[in-house]
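Worksheet for the structure shown next.
Every chain is named by a letter (A, B, C, D, E, F, G, H, I and J) in the order it is written, and numbering of its residues begins at 1.
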Amino acid sequence: MNAGEVTQKLFDAKKKKGKTFSDLGKIIDRDEVWIASLFYGQARASEEEAARLGSALGLEKDLCDRLTEFPTKGLGPLVPTDPLIYRFYEIMQVYGMPMKSVIHEKFGDGIMSAIDFTLTIDKEIDPKGDRVVVTMNGKFLPYKKW
Amino acid sequence: MNAGEVTQKLFDAKKKKGKTFSDLGKIIDRDEVWIASLFYGQARASEEEAARLGSALGLEKDLCDRLTEFPTKGLGPLVPTDPLIYRFYEIMQVYGMPMKSVIHEKFGDGIMSAIDFTLTIDKEIDPKGDRVVVTMNGKFLPYKKW
Amino acid sequence: MNAGEVTQKLFDAKKKKGKTFSDLGKIIDRDEVWIASLFYGQARASEEEAARLGSALGLEKDLCDRLTEFPTKGLGPLVPTDPLIYRFYEIMQVYGMPMKSVIHEKFGDGIMSAIDFTLTIDKEIDPKGDRVVVTMNGKFLPYKKW
Amino acid sequence: MNAGEVTQKLFDAKKKKGKTFSDLGKIIDRDEVWIASLFYGQARASEEEAARLGSALGLEKDLCDRLTEFPTKGLGPLVPTDPLIYRFYEIMQVYGMPMKSVIHEKFGDGIMSAIDFTLTIDKEIDPKGDRVVVTMNGKFLPYKKW
Amino acid sequence: MNAGEVTQKLFDAKKKKGKTFSDLGKIIDRDEVWIASLFYGQARASEEEAARLGSALGLEKDLCDRLTEFPTKGLGPLVPTDPLIYRFYEIMQVYGMPMKSVIHEKFGDGIMSAIDFTLTIDKEIDPKGDRVVVTMNGKFLPYKKW
Amino acid sequence: MNAGEVTQKLFDAKKKKGKTFSDLGKIIDRDEVWIASLFYGQARASEEEAARLGSALGLEKDLCDRLTEFPTKGLGPLVPTDPLIYRFYEIMQVYGMPMKSVIHEKFGDGIMSAIDFTLTIDKEIDPKGDRVVVTMNGKFLPYKKW
Amino acid sequence: MNAGEVTQKLFDAKKKKGKTFSDLGKIIDRDEVWIASLFYGQARASEEEAARLGSALGLEKDLCDRLTEFPTKGLGPLVPTDPLIYRFYEIMQVYGMPMKSVIHEKFGDGIMSAIDFTLTIDKEIDPKGDRVVVTMNGKFLPYKKW
Amino acid sequence: MNAGEVTQKLFDAKKKKGKTFSDLGKIIDRDEVWIASLFYGQARASEEEAARLGSALGLEKDLCDRLTEFPTKGLGPLVPTDPLIYRFYEIMQVYGMPMKSVIHEKFGDGIMSAIDFTLTIDKEIDPKGDRVVVTMNGKFLPYKKW
Amino acid sequence: MNAGEVTQKLFDAKKKKGKTFSDLGKIIDRDEVWIASLFYGQARASEEEAARLGSALGLEKDLCDRLTEFPTKGLGPLVPTDPLIYRFYEIMQVYGMPMKSVIHEKFGDGIMSAIDFTLTIDKEIDPKGDRVVVTMNGKFLPYKKW
Amino acid sequence: MNAGEVTQKLFDAKKKKGKTFSDLGKIIDRDEVWIASLFYGQARASEEEAARLGSALGLEKDLCDRLTEFPTKGLGPLVPTDPLIYRFYEIMQVYGMPMKSVIHEKFGDGIMSAIDFTLTIDKEIDPKGDRVVVTMNGKFLPYKKW
């Protein structure tokens, strides 16, 4: 069972049980985006988390086990072709240098961690069209000198 | 004067005047990230905005004019090598599909606009290490059927 | 059943039933290009649209269900090798900057949406050789300043 | 004087004279998109057209001469990073195969010419947001058998 | 049955029947290169041509049907690694610009069509080593102005 | 003086003298395509050929000398964007494998040389549109076994 | 049976029979490197050679037949990742231009053929560490002028 | 003075003095290929070697100094386009795996060093066409286990 | 059984037996990183080592045999997307030239061998967060002159 | 003055003053590799550090200022061609997955930081050939769950 098949089975189980990512998140006290990351093999559950999700979704034992493995992460293609994902690539292309300048001005030389990091997605109701609000929160890591 | 030289001259003027991006933003009532985008040729000022910034930074006329042109946007290299910018690429690689799933679940088929879009950067003080908070706010655009 | 197999089965059913894309479009009041997009997993049908198409094409239940999923869009290869598709890539290469200039001159800074967007293909009879007329119609999205 | 410099000088002259692409097009009875293509070295003017445009824009002789050369066409980067131009790349990625299917169904095996081809851009006023209408008109070229 | 398998089966049948491409071409009055293109899914036969070839090669019905489909053309890899095919890539690299100059000088601005196009291969006997003669014959398509 | 500048100067001299490639070819008894190859630094003249061409074109000594150097050949970009040159790339993509099969069938295992090779371009007058005829003639080189 | 499977089966047979490439070479009077090339589908045996090798290795008929086909050659990845093979890529990167200069100085404008070509590998015993000696021997092909 | 300019000046001096690489090699008791490597910034001379070559070629002091620097090696483009250099790339593509197999069979797991390595080029006179003989001699480095 | 399947089976056996890489290393007196390299097909065991590991992990005979083969090494993708592995790519991007300068200053012209090479990973306990210590130890190989 | 020119001037000053990286490191109490990183624009000095280095190297004011800027980091080319730097790429290719496995086994899910990170290079004298010892020391960053 390869990584794509694991993902597919998880989505099938989720659909069958009629759960949202948010429903699943509540079961183990995690955010919906983190749950979706787990589905795509981009995060790793503890044995207990895997057991609780497995129970809620009716997963077989070996599928549960896969949730606790260390995944090889990343999408693969250098430039994504899916329009929704591409927009995040475009934001990095267009606003990458500006963000770098503002972060350096505010924090000094270093980076925003993508590991000690959380990401949430909210829906902002707006009569002119609802808005997607993505909030990234990462620890600032100053470059060490030695 | 190519795009890189325009950027360099703007940074030189900013340094000489001792202004932060935030200071400049207040002059024309814009966010600091937007100002930095303008410096990198990723945004376009109105004639009035350009005049006010030009006055605050002591810019020459033709440099002011460049701020009002339609820029060719984007960084260029497919995969960025600068560690700070790369982290945003990594976020897209690792969390792209999870974000796609959650956005589709909450909003339906469509994308988050990167045009009708704002991006702000805040500093969250934390004794274990300050945190960078990036907030992206984009209009949801549903796919049109025809 | 992967995405390519879904496409193949849809084409087989269409051939067997002797329908054109236009015939199928009339059943659910959609354009022929949109129907072809659905066949290639680039669009998403509502449950009702899927049911009606499924009935007209004699599709099995799980194939119908696939029409209602959120697809990962895009062809994949960076530069297409098929001559017909390449011509659209060539048009973007040759006329991309000119179109950008004219759109900016007429509309200001922003883009033509590829989401709030329709695309139709017409046949123009011409004694010197029939002509393909592709009409793209996308909402202009002005860049937000913040 | 390289190709980029020729383009820059033409834009400077156009700005100084306060002409739109449409104004220039009327002088030599050509479409505004074609004029913009000429500015970007993607098209070639006759000696007479170059002379008339040169006179309207106050161009020097050698700049006029450049308008009559055979250009090496194309933007260069495999995947464009400018958001406006990228949308046309995305359209090719998302709608390429659907267009291929519909064109084959309507015309048989062959392609839409990108040479015996015209492209116009219109503005459609719409209270919900103006729309960009791009019309491509290319001769259908059937594959020759031999 | 994917495209590679179709090709393989056609070659097997050809070998079993002991036919050359030239033999097969005579059956439907086509050139040997065109027949080979058909084997590789780069061309499309009419129903009658497919039937005649199918009969000569003893092909099953569904294999015959595949010969009449609209293929997705092109080899795939950006730079071919097979030495024989690479030589044509090298010719394009080395003689591309010279050919462009001579064609423009003789015909004006435009291209040689690769669609309204034939290609034949002849063997020129030479005591110092036989020679391959490739003749390409494509319609000149002048760039349309509009 | 880099390679591009050498080419530009040669074209300027040719224009000034009002010569075609064919005219220049007659001076040293070479084909027009070979002359164009020399202009683009893809071929190498003998000292005498360089002197004769230099005299006809009014070239300075060091420009003449450059014609006798061993050039680093090739255009550079992996996939050409100029439509005329791209068509030769497309021919390699679409007809590469068919040509390989026919050449192997007629000659055995080996390649067509791109070194012991000539290439000519002829104009075939045709009331339905003139045709470009490209004739490539390369020695067949059988693979050596050892 | 794809190309990789043919290779795997040949290696299995070789291992089972306990033969070296050199042993196999002696059977048909060919060099060990050529035999290894045949195993990897980079060379083509005559019917008789295939029969003799098949007999020595106990190969089935259809495996023998595969040795006589015209292979599509080349490894595939643009830059090899295997350290042993990469060293040959590195040699080309580091010593390519120097070799070009020396060959041009000694032979004139042309290339070393990779077709009329042999390659042998010898082991040179050396107390400081044995040495690999690779000898390439290719016909010089002068560029033809025409 | 960048690396390309250093190379150009060295070639100019060599031409002016009428020396071959072999002549220069004799001056400092090095092979002609090594001298050419030095010209291309792929090797590094000792101070004494640089002085002797500088004297023979009439080089200025700072040009001599450049010969003693640690160069950043490698040609750059992933796939070379120059036909002569490409042949070495092709040899790696076609014969890479066969060489790997033979070297492993003869030496065990490890590589041929490209550092403790020499490369010579000889001319083998042959009435059917002279031959280029390239001899690579590299230390075998066994993989260390730990 | 392809390389990925061999790796998967080895990990399954390791998990079932509850062994760490370090445990396995002790059985054959090798470092844990070397053992992991063997699992990923990047190293090669002797027959005796394979037998001992096979016995400890309960491997079948043909799986044991695979451990003694000469592997084709390397991960494949040019730029890794997994964040942990990417950091090593980033280190090479950011510190590659500085390391080169320091190594040249200390050792002269040459490289650090990646073949006569060991790599160990230690855990350094630190109250502010444990640290990963990677120690690479490779023989310096001076460039040979000839 | 672009980044490459800054680097070149720093190296010239270092050579003129006859300092090693280690000498310079002692002046501001930093490691030699960090100093080399600063020379290549991969690190950033404080104003005081820049002043002291500037004094020791006799740098002009604006060169000193460049040492305190936030650099855009990274080498650029996806795959390095310099043999010394390539070895680190090769180590990542060959040992990347094994390192990932061992780090996960010892530390859990997370990465080794390349920011809170030091790198030193030592020379280990060895009669069989000196050895380069590279020690990387990076904080382990566990993936945050949310």
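Here is the rule we go by: a residue touches a chain if its C-beta (ideal position, glycine included) is under 8 Å from a C-beta of that chain, and two chains touch if they have at least 3 such contacts.
In this text the structure is predicted, and so the values were computed from the model without any measurement.
For the pair chain B and chain I, chains touching both partners: A, J.
One copy, chain F, sits rotated relative to the other, chain I; on C-alpha atoms the angle is 180 degrees to the nearest 5.
The two sequence copies chain C and chain F touch through a face in which the numbers common to both exceed half of the numbers used overall. Centroids built from CA atoms put chain I at 32 Å from chain H. A straight line joining the Cα centres of chain A and chain B is 23 Å long. For the pair chain C and chain H, the distance between C-alpha centroids works out to 54 Å. Residue numbers of chain J whose C-beta contacts span two or more other chains: 33, 72-75, 78-83, 90, 93-94, 97, 100-101, 104, 110-111, 113-117, 119, 141. By the touch criterion stated above, chain A contacts chain D in their complex at residues 79, 81, 83, 86, 90, 93-94.
Interface residues of chain C, counted against chain E in their complex, comprise 77, 79-83.
On chain D, the positions that touch chain C within their shared complex are 20-21, 32-33, 36-37, 39-40, 42, 73-75, 78-80, 82-85, 87-107, 110-114, 116-117, 119, 121, 123-124, 126, 128-141. Put simply, chain B touches chain C in their complex at residues 30-31, 33-34, 43-44, 70, 72, 97, 100-101, 104, 109-111, 113, 115-120, 141-146. Here chain A touches chain I in the complex through residues 72-76, 78, 114-115, going by the rule given at the top.
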